[in-house]
Structure formats: structure tokens, C-alpha cells
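To start, the structure itself, in C-alpha cells.
Order as written gives the chain letters A, B, C, D and E; numbering starts at 1 within each chain.
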Amino acid sequence: MLSIDLHKQLSHFKLDVQLRIHHELVVLLGRSGSGKTTLLNCIAGLSKPDGGTISIDDQCVYDGNRVFIPPQRRGVGYIFQDYALFPHMTVQKNVEYALTKSERAVQRNHVDAVLETLGISHLRKSKPREISGGEKQRVAVARALVRRPRVLLMDEPFSALDEWSKEEGYGLLESVQQDWQIPILLVTHNYREAERLGDRLIYMEEGRLC
Amino acid sequence: MLSIDLHKQLSHFKLDVQLRIHHELVVLLGRSGSGKTTLLNCIAGLSKPDGGTISIDDQCVYDGNRVFIPPQRRGVGYIFQDYALFPHMTVQKNVEYALTKSERAVQRNHVDAVLETLGISHLRKSKPREISGGEKQRVAVARALVRRPRVLLMDEPFSALDEWSKEEGYGLLESVQQDWQIPILLVTHNYREAERLGDRLIYMEEGRLC
Amino acid sequence: QTEEEERTLRISVASSLTNVMEEVEQAYEQEHPSIDLLINYGSSGTLAHQIDRGAPADVFLPASTEWMEFVMEKGLIDESTYHELAYNELVVASKEGESYNFQDLLDKKVDSFAMGEPESVPAGTYAKEALGEQWETVQDKAVFAKNVRQVASYIKTGNVDAGFVYRSDVMTLEGLTSLSVVPKERYSQIVYPGAVVALSERSEEAEAFLAYLRSKESQEIFHAHGFKEGG
Amino acid sequence: MDLFPVWLSLRVATISTIIVFIVGTVLGRLFARGTFVGKTVIRSIFMLPLVLPPTVIGFGLLYLFGREGFIGSLLNEWFGIQIVFTWYAAVLASSVVAFPLMFQSAVTAFQQYDANLERAAYTMGAGKWKVFWTVSFPLAWPGLLAGVILTFARALGEFGATLMIASYTKGLTNTLPLEIFFSVESGNQSQAELFVVMMVVLGFGTVFFLNKWNGSPYNN
Amino acid sequence: MDLFPVWLSLRVATISTIIVFIVGTVLGRLFARGTFVGKTVIRSIFMLPLVLPPTVIGFGLLYLFGREGFIGSLLNEWFGIQIVFTWYAAVLASSVVAFPLMFQSAVTAFQQYDANLERAAYTMGAGKWKVFWTVSFPLAWPGLLAGVILTFARALGEFGATLMIASYTKGLTNTLPLEIFFSVESGNQSQAELFVVMMVVLGFGTVFFLNKWNGSPYNN
């Protein structure tokens, strides 16, 4: 379970969010610039709220100035809006980065399956700068889906994909959701996607849920 | 008029395109990785085809090894899939970059209007790293739409926008298209967008139009 | 030639003569207001190479005969103007409070001592000569430096017990009081030569200046700085 | 106290830095992207003034720029200029010795940013010159600034090559490092210390000022 | 021909480069991002070994590491180590003098890439150490390599400070630059030239090799 109660002053408005996500997929919709990415960054520990609390599976990961668990110990999987692929690593290495050494050996088949499903297994040895925009996005998706986190954050993860690739992504996400039973927060501007995937839809406007 | 007849070997297939675009908006659809961005890069002069010809308004800008007009003299407007905003310039400076000094003085109102329409005029003084993903995309759109090129290339220009912002973008594009009467080539994965904006829809599959 | 150039006399002087030459310069320019001495200091080797490369110089005053010979052999010097201007003496210096003499260097009393590098630094060459047959036995104790100043640094910082320096350096070596003269018969005369450069366009004035260096007035300055008068 | 050495050093270091900055930046840009035959060879040759002891560099300069030297004789014949033993020689020495620092920094600086941004600028009709000044240069600036700092510091401290080709003449070529050396040589310890302090103040001050002038576009 | 000076120089420069690389990289990372009081002041102080003439640096080291010096006496008492006049002293001198080159390059290198990539790595559970080695370090590598090249070149050519603290002893501390100096001073021109050639070969060779070892992740 993910529970959030935080506020943070942004340049043009204040982000002020109360939200609880159980083992469900919540879709976060909202105008561009309304604070969605910032909220995700706060949950992942990449931005500091001005105050409030965040807890994951009953562990408090943020509480005002008293508690701040750094990102590497929050167990949050995160697909970044701008992918944040490592430019110096191949696709394969990028995806495996989320795994520990021992997992890497054990999970080889799983990694292969994910790459296959997303249609990027032929790009394994390519560097991010050698692949197309949508291919990059699929690498970012793969990287987040090879290992079970405690919470999964997805910032417009399918925005650069064609209908077929989107479908494959949806399928993968659905099966992962079944397996993992974790809170998932997905940002999208696509209504069809929202309705197809979301157990619950929430809307953000100028930093507030409504 | 834009007329293209080119081929280029890519890592997993061959790009092979024959295409003529009059003063119309052609939407290019196709699976992720099918070669759309590469085609646009060839037209803009950022990639070299292996052979063929490209001409713009009856000027040959590429012809095998004989003619290669560099990008700065092709008069092609281009919205990049990854925005390619200048990180060291403010939004305002980014948008004005497409204008010459004298145009900058004359067109001030026009620039303001474009920023206003796209809902980013309050971000004028921000640097790209200080704004949201969708805001960045709108800056890229603005930068391409403040000045009339001979050909306009748009690589998924609205993919990161919410429905309202998309609408504003569509409106702006339609009015610009009316005014300018130039060939426009727009890449998208969104059917509604394609049908709404396109005078003609074309599909690419593994480097070929079909 | 501009008027300023006409007044200028260029002197290339070994850096170990810096203090002497600064006084000489003042005195000479006072006496000869029409002459402007432009003094160029450097190691004797550097000066010799500069003259070799056609750098402007009228008078050459190195700190050893070797470098004078180097330029002479190349025909860059008006040999008729050659004179020995001053002499020097070798002394053993040690740190304030300690006192070692030449004999101590040869005995086991001294663990290490500093001296100029014998192949290239004149002070080192003379020191090696002074050590004579004992050189073989004591050379392991020797630390080589590129000039007397460096020898002094080693002594002052306690990294060596003693070192060979020139008497003329004594005046400037703060913190090194205990000095003992090296027996004179053990090394050859330490000569400071001077001569007019062959290419000089102002050889007359240059010769006049050389003559001045041999005058009583300047010889006193040499003397005051610990040199022995030449002739 | 005679402050001439301070001004001279500041002047020599500043002029050298400007020259080296311009030459280093241009060559750096040239060598950063694109390939041509012998690129790595020339890049490595450009490092030699850093490898060789300054005295050797000074020696080489003396050979080239001396009255009988290849360049020196030409300069003398054509313009009646004589560089050796003047403060121009100090500028020359500092520039040559500091050049590798600027060059290496510049090459790296021009390799570090996303070249797509230059391409984007071209599509907007900007010419090579405009793209260089408005995109490449500002994006490379942090690396170039690092080069400038190293260059200035090195130029300020240059001793061996300067002594060789400019020599030490009071009121003419007595830069701070030379003054320090000769103060020590003539046993004037306290004066040497004073010059060292000036040098530290001058070097520290300028480097501090330059360091403040940083604005990495990626810094966050 | 005695090749000892070549091996000695290579050894001294290599060891110095390794030491300076490690220290410079760590300090560079520390100073690159994040702010703390006196950051620019310390950064500027770190440039001083480049500003001050090597002889002055050597003098300072002699005072610190000499038999009676603050550090020297401690080393002597505790470990019975005597650094002055040994080839370790040459390593010390080269390291101190070359340090600013590595440091400045490293600071810039660690500022030049997108810090979001480090953040992304953290979200995947990577600890500070792993992030440093797998993300920060490789992304900074081109800039670090530039620093390594400058450091090696400078360490190889180091003369003034080395002569001061290591002195010139054949078969012990006679690095190439020292050999060149004393050959010239003793009028042995041809031997000096031979040493210069060795130096050029050694410097050029290593720098060439290092230059080849470049792989900018943004290079395109």
C-alpha cells in the first residue's frame, strides 16, 4: 500500500496531494504542467516535498524533516517521462541494471521474455542513441518491469508507441500487475489507455486532485 | 512541393520511400522503429540517404553524391521527436532562435500569440530543465511555428500533451497551414489526430510506404 | 636605431653575480648618464646559448671559464677583450650551531653533504677536485644540486649536514654561520671571466664597461660581496 | 615596494590566456568531432609542450625565434621585430607552455554535449558561425572555462621557458616567478617570500574569480 | 646508452598519475555537485601548485617532508621512512604539481552529464558505490581521461620540484628532465638531445595511447 499526504510549493502553484493506493492500478490524468511528474518524483524520493508524509507498505519513507529514506531504499520502480536510459550501456545492460548480479543469472529467461514481448529483443546490443524514440521508451518500460518493486510509478510510459506496441505493453503490464499485487500509479494523457488499464482514475489540476 | 525518392540501409531493414507532398498536410503513421524519424532526418539534411533525390519547391536539395544542400539552406522547419531544446536558453530565446534579429523585433507580437495559444507564455523566462515534459514539447512546437519554412516536418509533436493542449496545438497548426500553404509532414501514433489533421494518411512498414 | 637603443648596453650576467651587478649598475649609470645598462641574468649555460642564438648582448660575464670557452670556440667573443674579473673561494658551510670543516667531510663525522653537480655546476666541479682522491670514498654521501642556493636549502632544512658553497655566497646565506675554508691548494683558481661579444655594435662602450669592472671602484664592490679581486 | 613584476605577470598571463583561449578553442572544436587522418597523432603532438621541461621548450623557442632562428630572422627582416629578451617573449613562452592545457580541455568540452542540438540549430537556418557562438560555444563553456583556469594558472607560473627566451631583466621581463627565483638566488629570502605571497594572491584571486563564472547548462 | 632514466621517468610518471587520478577523481566528484561553505575557495587553493613555480613547490615540500620537517619527521619517527633524496620524492613532487590538472578536469567532468541518470540508477536500488562506478564514472570518463593525459604529461615533464626534493643522483633520482638539464648545463649537447628524443617518444607514445582510449558516450 502507498499512502501519500504531501504539499510542495511549485513555481506557479502549490502541489497538495492526499492519496492512498492499495494493490491496484491508479491512473493519474491531468493537464500538462499540473504537477504529475513532480508528485511521482516525490514518491520516488527524487524531489523533497515541503511537508507531509509518504509511506510504502506501512514503512514511513518521508515525514517532514524527520524521515527521508533515500530513493535506493524505497523499492520504487519508476519509468521516467524522458526515459533516463544510460547512454553508455547497451539495451541489454540498461534493462539488467535493475537486477542484482545473482538475479541476472537466474532471471535471464524472464528478461528475454520481456524484451521479446515488447518487440525489442533484436536491439539488445544497441546503444540508446542508435534506436528510435519508441524503442527507447520500450527499453525504459522493460527496465522497470523485469523486477518486482514495492510500488511502480509510470510516467506516460506508452506515449511514443504505435497501437500494436501499446497493446503489447498493456498486456505485459496487466500480467505483471496480476503477479505482483503492488500499488501502481500510471500517468497518461490517453483516455482509452486510462479506461483500459485503470482500476481507478484520478485527475489533477494545478497540483490538486479533484 | 516536396518530392522524395530515396533509399537508405538501416540496421535491420532498408528505408525506401517515394513520396510527393503538395501544399497539404500528410500524416505519416507506422510502427515504432519503422523508419519515420529517419525519413524526416533525410529530408531535413541531418541524415544522408544512400541514394535517390529530394527536392523542395523544385530546388534539388539532394541527389546521390552530386548534390547535398546542408540543413541550414533547406528551409525546413522541424519539430524533433526529442524536442532538442537548447538547455542554456530560456523558453523565449529558444522560440526566437528560429528568427533573425530583424524578424525578432517585428514578430514580437506573433511570438507572444503563439506562446499564448500553446499556454506557455508564463514560462518565457524558464530554462528547459525547469519545465514539465509537455511544456517542453509545446516549446518545441512554438519554435517551429513562429516562422514560415518551405517544408514543415513534425515528429510526434503532440504526444506528451493532454486533450486540451492537443486541441490548442491542432488549432494553431490548422491556422498556420491555412496561412502558409506549404507541404507538412506529420508523424503520429494517434488515429484521432491523424484523421483530424491529415489531408492524406500514409503508412510506413519496415521502411516502405504502403 | 632609436635614441634609446643607442644608450643601451646589454650585459649578460651569471645569476650568482646578481648582487654585485646591481650595485655596479647603479654606480656606473651615475657616472655615465649617457649609458643605460640593460642587464640580463641567467645561468651561465643559458646565457651562452642565448648568445649562440644571436640574442642581443654586448658583454658576457659567466660564472665559469667553461661557458666562456663554449662561446669563444664558436667565435662569438672578441678574445682580445677577455679578462679575469674576480676570483672566489670554496668553503664548507653547515647549519647554525653545528660546525663541520673540510676534514669532517672526509671522516665519518658527516653523514651526508651537498654540493653542485660536478659535471655541470662549477662549484661542484671545484668541490670534486678539492676532494681529490677521497672522492671515491665520500661520493656516496654527496647530494647533488643545480646551484649553491639549492645546497644552502638542503643544509638549512637539515637534510644534509654540510655543503660546499662559494665564499661570495656566504654573505647571502642566512642561517648558515659555520663556515670553514677548503684548503686552497686542493683546487684550481675559481675564475669569473668577462669579455665583449663579437657581434656587439657597441664594442667601444662595452670595453669601457669591462674596464670599469676592473677599476678599483667596482673591485671594491666585488670584495664587499665576498669575491676576491681580479685584475 | 616595486609592483612592476605583479603588473607584468598579470599582463603576460592575461594576454597569453586570451591568445591560447582563442587558438585552443578553434583547434579544440576542429579536433573534437569528425575524423581526419593523423588526428590522434597531431593531438598527441600538441601535448608535447607539457611533456617537455619548460627549459627545453625555451631552448626550442630560442632556436626558432632567435635572431638566427627560422621565424626570428623572418620577423626581423620583414618587420624589424626582435622578440628575444622582450616581454613579448614571455607571452610567447607562457602561451606555448600553457597551450596543451587549453587544447585538451577544449577538445573534451566540444565532445561532451549532444551534437543533435547543433543539428537542430542548423535546421532553423542558422549558419556555422551562428551555431558555433549560440550553441556549441555555450554548451562547451564549462569545459572551456576549466581550460582557461588551467591556462591562466600555468601562464602565471611559467618560469623555465620564460627565463630562457625573455631572460631576467629588471623593469622589462622580471615576471613574478623570475623575481622569486632571483630573490632566492641573491639571498633575499624575505623579498622572495613577499613575491610568493603576491603570486598566491594574484593566482588565487583570478582563479577564484574565474571559478565563480561557471554556469554549466546541465548543472542541477 | 643507459636507459635507467627512461624507466625511472616512466615509473614516476605512472605512479604519480595513478595517485593523482584517484585523489583527483574523488575530490573532483565531491566538488562537482552540491554546495558547501568555502567550496570555491578550496577549489581555487587547489590550483596553487599550478600557479607557483615548481621550485617554490619543491621548497615547500622540502620544508614539509625534510628530515626536520613537520611530516618528514613524523614519517621518520613512526615508520623510519626518509623521503627526501629518494625516487619517492620524485613521485611526490610530480603528484603535487600535476594534481590541479586532474582536479580541475574531474570537477568539470562530473558536472557535464545529466544528473538525472544518477537519480534513475538510485531508484533501481543501486547504492552510492554502484551508481558511482556504473553511471557517474563512465559518463565522466572523457573528461577524466583528459585529466589523466594532462597529468601524465605534466608528471613526466616535472623538473623544478623534483630536483629540489629528490635531488639529482645517478641511478636513483635521475629522471629524464633532470638528465636533460644537467646534460645541457655541462655542455653535453648531443646527450641532451638524445634524452629529449627519448622524452618525446615516451610522452608522445603514452599520450597517443591514452588518446585512443577515448569513448565519449555522447560522441556522434
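For the reader, a short list of remarks on this structure follows.
The criterion applied here is as follows: a residue touches a chain if its C-beta (ideal position, glycine included) is under 8 Å from a C-beta of that chain, and two chains touch if they have at least 3 such contacts.
In UniProt terms the chains read A, B = Molybdate ABC transporter ATP-binding protein; D, E = Molybdenum transport system permease.
This structure is a prediction, so every number in the text was calculated from the model and none was measured.
Among the remaining chains, none touches chain A as well as chain E. Note on connectivity: the fewest steps through touching chains from chain B to chain C is 2. Listed by label, the chains touching chain A and chain C alike are E.
Placing every chain at the mean of its C-alpha atoms, the farthest one from chain A is found to be C.
When chain centres are defined as mean Cα coordinates, C lies farthest from chain B. The pair of chains sharing the greatest count of C-beta contacts is D-E. In whole angstrom, the spacing between the mean C-alpha positions of chain B and chain E is 49.
Chain A and chain B have centres, each the mean of its CA atoms, that are 29 Å apart. Here the CA centre of chain B is 44 Å from the CA centre of chain D. Look at where the CA atoms of chain C average out and do the same for chain D: the two points lie 34 Å apart. Shared interface positions of chain A, defined as residues touching 2 or more other chains, are 82.
Within chain D, contacts with two or more other chains are made by residues 59, 116, 184, 218, 220.
Touching of two or more other chains is recorded for residues 49 of chain C.
Each chain pair that touches appears in this list: A-B, A-E, B-D, C-D, C-E, D-E.
Residues of chain B touching chain A in their complex: 11-12, 29-33, 36-37, 81-82, 119, 122, 126, 130-135, 137-138, 155-156, 159-166, 189, 191.
Against chain C, in their complex, chain D makes its touches with residues 59, 62-63, 66-69, 72, 82, 84-85, 163-164, 167-170, 172, 182, 184-189. The residues of chain E lying in touch with chain D in their complex are 33, 40-41, 43-45, 47-48, 50-56, 100-101, 104-105, 107-109, 111-116, 142-143, 145-146, 149-150, 153-154, 156-157, 159-160, 177, 180-181, 184, 196, 199-200, 202-204, 207-208, 211-212, 216, 218-220.
Remark: chain C residues 43, 45, 49, 66-67, 70, 114, 117, 119-121, 143-146, 150, 153-154, 157-159 touch chain E in the complex. By the touch rule above, chain E contacts chain A in their complex via residues 114, 116-117, 119-128, 131, 134-135, 138-139, 215, 217-218, 220.
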